[in-house]
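As written, the chain order gives the labels A, B and C, with residue 1 at the start of each chain.
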Amino acid sequence: MTDNKLLEVEHLTMRFGGLVAIDDLSFTARKREITAIIGPNGAGKTTVFNCLTGFYVPTEGRLTLSANDGPRLLERTEGFRISRNNGVARTFQNIRLFTGMTVLENLVVAQHNRLMDASLFSLAGLFNLKRYANAEKEALERAKFWLNKTGLYEFADWNAGNLPYGNQRRLEIARAMCVEPSLLCLDEPAAGLNPRESAELNLLLQSIRDEQGIGLLLIEHDMSVVMQISDHVIVLDYGKKIADGNPEAVKNDPAVIRAYLGEEEDDELPPEVAQDLHLDPKAQ
Amino acid sequence: MDWAYFLQQLINGLTLGAIYGLIAIGYTMVYGIIGMINFAHGEIYMLGAFHSLITFLICQAAGISGILPLTLLLMLVVSMVMTSVYGWGVERIAYRPLRGSFRLAALISAIGMSIFLQNFVQIAQGARVKPMQPLIKGGITLMESPNFNVQLSYMQIVIIVLTFVLMVVFSTLIAKTSLGRAQRACEQDRTMAGLLGINVDRTISTTFVMGAALASVAGMMVTLYYGVIDFYIGFLAGVKAFTAAVLGGIGSLPGAMLGGLLIGLIESFWSGYLTIEYKDVATFGILVLVLIFRPWGLLGKPEVEKV
Amino acid sequence: MSSLLTSSRVTPVDIAKELAFFAVLAVMMSIMILGVETVDRPTGLELALRWDLVLLAVCATVVGRLGLIVRREHLSRLLQAALIVISALMVFEMFVRFRDLDDRWVSPVTFDMATQSVGRAIFFICLIAIVFAIAYFSSAKGRPTGDEDESNKISARLQVAYRTNTKKVGMLGIAFFIIFPFIFGENRSAIDLATLVMIYIMLGWGLNIVVGLAGLLDLGYVAFYAVGAYSYALLSQHFGLSFWLCLPMAGLFSASFGIILGFPVLRLRGDYLAIVTLGFGEIIRVILINWYDLTGGPDGIASIERPSFFGLADFSRRVPEGVTRFSDLFGIEYSSMHRLIFLYYLILILALVTNFVTMRLRKLPIGRAWEALREDEIACRSLGINPTNTKLSAFAIGAMFAGFAGAFFATRQGFISPESFTFLESAVILAIVVMGGMGSQIGVVLAAIVMIGFPEMFRELAEYRMLIFGAGMVAIMLWRPRGLLSFRDPTILLNMSKKEKVAGEKS
């Protein structure tokens, strides 16, 4: 179990001036597992992602990624290098696609570093050397693979900005996967999806976990997604971890229920929340 | 160290800085509210200078130029009103149709407007330098030293005092009135402000008018202070005033004033102690340094990157 | 007439009020600047009144506004056109008065000039009509979608035809520019003008990398042009190096300048970058003016060496001992046009190299990264793209082409001075890029022809040239904010042919 560790977060703290967004957070994410981070709005979930992907430099703490070639410290790495050298890819809460470019181009841009190396900083490409042509073919194959996987093949030549919302969400995941990450961070991938799209997303994420053998880190509000597919759930509230465990254990944790519903005396959940929190037997 | 010389440069720098500051306010307000560089603002300032000069000539022809306070007041009011109309017109013609459109389109339109206005005045009033006799003469000798007398002219006093008064009035206007509130609301979120019943178009127009009025005051003061103007004065003054706005932190009124004063002082001391030829290099050099270490300017708020 | 001016929405009273409002504004804007002229006299400034101009300005505003009202109320296109033409004529009448040498506003257009201009005007109106037609047919938006009448279908078909055949249009353009000297071979001013336009096309293509592809707003592009020009002029004067050796060096120098400037400032957000680049452009100019020992100050550098025919032959009439004359090399009669035509082809080749490199880079990872960076820098960082290096490469490559163009400019003119490198030049180049349609290579050509060719043709109009130029910039931006040709060619396609893509986009 221990050699399966992918990401180890130890005593992560992030302060913005006087505001403590994350307070001494520690958790572990493993390979071939989907780790969900949930919590009320403003609990610091996205801040955790921003620290992991180099957009923020954490105030304190250590982030260790144990990818194939030994452990690396993420908090010491300059922003863009985290994706480049360590293979952490992410999606964004408000989708950030290259809207003026086509779907296929979005996926090719994601393979920038590999293509840059192959083209010797574009020089080989400028003179049309074979070395670059091969790399580009390979990149195209990878893009096609993920287009098929996300059901976007027929939209390949569309402008990304013209895609329907649900497809944009899936394209962002496909783009992140084209980086070939060892850890994929998804920031609310199911937000704004209808139930059918949401179910498709579950299948996609599960297949990424099982087929690619990478770790997934997931921020989500949609409990049906969280409870169905995650192997491990971490609950944040006001930047602190209040629960950590498998979905079954977490959803019965009194601290979690309190965080979501306030400090009410009656432990009885309103029926619709209970439905959300419990697994829908039909869907499995 | 010659303190007298130093003091003189300080006075000159503050005077120049006050003028830059007044122009810079127009840049900073417009940038704050619609996020564009109003490239034609330097030309508005030039138009202000021309309007005040022509008003003076009309007063002279009408034989009332002997009554100095009346003449000055007329110059001030007429040039403020007329120049404001230009400010309004520029926004209406060249910027409003492009609002919400492609960002660079408005910039190119602004540059086009600037070229147009410059050449318009050149054709209408001629390319030659226009001289203006000094109206406010004399001054106070602050300090006498064997080789140098420190002069504070009445004109300099007028410039600094008038700038200060205008600053106070405009700051109050923006801090206290509903117009100022509407402006600040539009700065934050134009769509939302519109939904809440603020007349966004009118607020933006007012911003342009206010900026133009201040620039015209600057233009009038330059006409009186230096005694020569031409159709080309707007460009360099505009660039420097925008530099001042960026230096002080764009979007901030006190920042614009502070930036203007700093630029004025830098220019004055650089020309006084080093080389007058390279004063512009010094100005821009300092701008680059400030932007590298404090991209949000001296008094601006750092922007938190939203991911 | 009354039925024309009354619609369900506006009453004549409303219209009268609106017109009165604009009339008042026109009075206020014109009464001093136009109505009063300041005249230099030995005793000081004096006034001269020109109320006729104020009247014209007011009338032009009112009639023009009426035209807009007619359009707004969907009344009559013919009436609208008539009103706008009348208003334009009034503006024309207002401005077509010339200043004599005493700086006085006197004579109207002379008959001579008018007849001279007519032929040229017809030629240019045709040219502009072509440009606008291309721009119109290539636009995807701005046309009513409901009523698809016959003409709409034709324009739609033409549009698809144009967009699917960009390459052919480009080839046609190149062919035109190649045979140009054969048509106008004896016409010195035509070749000169074509060379000038070509310089701006090259500069536009160079800046297109920075602004169009990478989305970096550079207002000081002319600085790199100046660096290129002065590098060649100085290297040739002080070390006697030949043009062919200096050309790559000029590009290299400019690129290094781009990197030195870009490194600290490329972290800045859009508009800050704009002001810093503008400042840098001014700094370079100030240095050129004041560093007298090196640059000759405002006097500039004169008698810069002309290029040889690739080091094989010279273009002068009298050549020193041991140097072949160009005309002798080919056994043809000497003509002073040879050098000009050679220079024209030289800049054509340089410009085409710029174009081909840009087109190729767009399809390479670095070019895609530029465009991605323009779209969303944060997403780029999350994908492991180094934003600083990517921007720097765009900046440096753009600067390099400006350096080449600068060296060419120096050798063509034989004389350079800081006058040639003012902010206005940067603004013009930027305007060419934005008006052409950001990132569109053919758009740059169209815009350069409109912006440079047109005003140069009317050089007699002197100061009016720039007035019209400025107004034209505003007008084109209002008409087409995204530029004349504003569509993006995908760098890679999977399923669809280009034709299907264009058609699919419209549905």
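Descriptive notes on the structure:
Please note the rule applied: contacts are C-beta pairs under 8 Å (C-beta built on N, C-alpha and C of every residue); 3 or more make two chains touch, one makes a residue touch a chain.
The structure displayed is predicted, hence computed values, not measured ones.
Of all chains shown, C has the CA centroid lying nearest to the centroid of every protein CA atom. Using the mean of the Cα atoms as each chain's centre, the chain most removed from chain A is B. In terms of their C-alpha centroids, the spacing between chain A and chain C amounts to 46 Å.
Once the centre of each chain is set as its mean CA position, chain B and chain C turn out to be 30 Å apart. Across the assembly, chain A contributes 55, 92 as residues in contact with two or more other chains. Looking at chain C, residues 378 sit in touch with two or more other chains. Residue positions 305, 307 of chain B each touch two or more of the other chains.
By the touch criterion stated above, chain B contacts chain C in their complex at residues 31, 35, 37, 47, 50-51, 53-55, 57-58, 61, 78, 81-82, 85-86, 88-89, 93-94, 97-98, 101-109, 111-128, 130-133, 235, 239, 242-243, 246, 250, 275, 277-278, 280-281, 283-285, 287-288, 291-292, 295, 303, 305, 307.
The touching residues of chain A, when paired with chain C in their complex, are 53-55, 79-85, 89-90, 92, 96-102, 104-105, 108-113, 115-116, 119, 121-122, 125-126, 132, 140, 144, 147, 153-154, 156-159, 162, 175-176, 179. The touching residues of chain C, counted against chain A in their complex, run 357, 360-361, 363-369, 371-372, 374-376, 378-387, 488, 490-496, 501, 504-505.
On chain C, the positions that touch chain B within their shared complex are 25, 28-29, 31-34, 36-38, 40, 44-47, 95, 99, 103, 105, 211, 217, 264-265, 267-272, 274-276, 278-280, 282-283, 286-287, 289-290, 378, 423-424, 427, 430-431, 434-435, 438, 463-464, 466-467, 469-474, 477-478, 481-482.
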